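Each structure below is given as structure tokens.
Same chain, two partners: chain A is paired with chain B first, then with chain C.
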Partner chain A sequence: MISRSVSRVVMLTAFVVAFAMPAHAADHAVAQIKKAFTVPVLKAKVGDTVTFRNDDEFAHNVFSLSETQNFDLGSYKKGETRQLTLKNPGTIEVECAIHPEMKMKIEVSK
Partner chain B sequence: MYRKSSALRLSLPQVLFVAFFVLGCAVVCATESDPWLRPAAAPAPADNAPTAARVKLGQMLFFDPRLSRKASMSCATCHNPALGWTDGLSTAVGFDMQILGRNTPTIVNTAFNSIQMWDGRKKDLEDQATGPISAGGEMNMPLPEMVARLQAIPGYARYFDDAYPGQGVSDVTVARAIASYERTVLSTESPFDRWRKGDVHAVSEDAKAGFELFQGKAKCAVCHSGFNFTDNGFHNIGIKTPEGHDYDVGRYAQKPIKSMRGAFKTPTLRDIGLTAPYMRNGCYKTLKEVVAHYNRGGDDQDNLDINIVPLGLSDGEQDQLVAFLQTLDGTPMQVTVPALPH
Partner chain C sequence: MKRLLATLVLAFAAPALADEAVAPLPRDTADAAVIRGSIAFHTYCVLCHGAEGKGDGRAAKMYTPRPANLTVSPFNDTYKEMIIRGGGASVGRSAFMPPWGDELTDEQIRDVVAFLRELRKTGK
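For the complex of A and B:
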């Protein structure tokens, strides 16, 4: 009798926790190859992450001065990654500070 | 029964013709696909396609000192074609002989740049052309005054009409004409180019070894890439600020991102032997000094670009790099200073 009650409580708790948590956030991979971002326009949701990977032989940088989200992930070498968590809905203009021709957009929805 | 073959038979002249044709095609294909060789034509915006009239007007304006407040200096004062389109000074001399903070960059091949000026504050040649004219420290000429002064010179009217029919004298047409002229200032064939096209005797063995170092151990091509030897990017290469001078933040003034503090645009290396002194503040008089700078991994380590590291080049290897760099000089363009309208 007691064990049945415990199992009901555990199941109920699991149910509540599962629905109380936000949907699983996605991680979007973007590489930097030949002085270009591999994804020109990325559609994502608030809470998602974007992982930038440098596949060039030289350093790259990732930053944005957008009103939606302002960040500077710094400069990093080949094979290294930097991760960004999307905090606000809107459009983020992403650039490489070292190579100003490298640009992409992230369209973030709620 | 024996039957004579109908296979194609060519005479000796025909064979030679085919052989030369195939060889010629191979050379053309190699030239067009070689990333180290300059394209034949410079790009231009659709709304300012180059014409002879635009280039002619632009050349006049480029050499006309009346575009400066005191009618004492023209674009060519600093971008002197006799000095590799620079001024031969460590840093430029501007309005009223004041010494400015940065070295005058050559305008050779600026047509190919995707961004202009040491700090990238101008996006293209049309945007850049009137910048130094109106800059207080340079030609110090407010653009409305410049337009009024040019409108008061009757001889200019027909040149503007020919170049930009119906548009008259304005800061826009002045900028477009100067940009059109600047697009004609291109590097000419250098020993390096001849070598890339197949002339094995065009450069020395040291220069060939230097080019290998340039692409490999010395890491120069990380930034000085492609036919114009620039990535159009911005790097802090560890130039020491001379005592008594203010620190120059460079690109950071345009893009306040940490890595841009002290970063400047990678300059072309075309005609590098003609454009001393070197670096954004002209701190080195010789290419040997420049190579030594990179070999020790820069001087000022504050916010240094992560691509800049000590290279471990021997004296001989540094000399080979210099030998290579010297092969990038073309024959300077022959420029006739134009008679100016009155």
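For the complex of A and C:
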């Protein structure tokens, strides 16, 4: 009798915890190779992270002036990464301050 | 008669063309450096420093301190070359100014400095 009650409590607790916790945030990898982003349009959710990895021989400087979220990740060399956490829904236009031809978009949903 | 006239015209025009051929290439003039520097500036630097170099580019609002107003910059050419090549952090200034040494050639950096010298002179 007691063990059945305990098992019910455990199951109920597991059920509540599973639904109460927010969905696990994903990490999206976007590399920079030959002065281009490897993903031209990225679809992601609020809370997700985007990891920008520089696979070029020279520095990149990823930034955005978008109203959805503006940021500047600073300049970083070959092999280094910079991470961005997506805070708001909407479209973020991403550029490189050193290479004006480099552009990509992040479409962030709730 | 027409043929003779054409021959005379060519004979007198040829030395003038030859003189032009030995004139210094525009590439070697200071004006050419300023023009090339202007192109590089308006490609790479305009984002933060603005079209007129006053530190009011479209990205300027994101940064504290604001990008430098290059029309009143007190720094000499050597310092400007250093900060362009190595970035702001290399001279203890804003790290938001990226290093351009990998992107621009030595000639382009000198050209940009030549353009900045002109910008400082004319203030526009």
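Everything below uses one rule, namely that the second predicted complex is superposed on the first by the 95 of 110 C-alpha atoms of A that agree within 3 Å, B and C clash if a C-alpha of one lies under 4 Å from a C-alpha of the other, contacts with A are read in each partner's own complex, and residues count from 1 in each chain.
FYI, a residue touches a chain if its C-beta (ideal position, glycine included) is under 8 Å from a C-beta of that chain, and two chains touch if they have at least 3 such contacts.
What you see is a predicted model, and the numbers here were worked out from it, not measured in a lab.
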Partner chain in contact with A:Asn70 - chain B first, chain C second, else both or neither: second
Which superposed partner A:Phe58 touches (first chain B, second chain C, both, neither): both
Contacts of A:Lys105 with chain B and chain C, given as first, second, both or neither: neither
Partner chain in contact with A:His28 - chain B first, chain C second, else both or neither: neither
First, second, both or neither for A:Lys45, with chain B first and chain C second: neither
Set of chain A residues, in rising order, touched by both chain B and chain C: 57-59, 61, 63, 65, 72, 74-75, 97-100
In the complex with chain A, residue positions of chain C that touch it: 43-44, 47-48, 58-59, 62-63, 87, 95-96, 98-100, 102-103
For the chain B and chain A complex, residues of the former touching the latter: 114-115, 120, 222-223, 231-235, 251, 255-260, 263, 305-307
Residues of chain A defined as touching chain B within the complex: 35, 57-59, 61, 63, 65, 72, 74-77, 97-101
List of chain A residues in touch with chain C within their complex: 57-59, 61, 63, 65, 70, 72, 74-75, 97-100
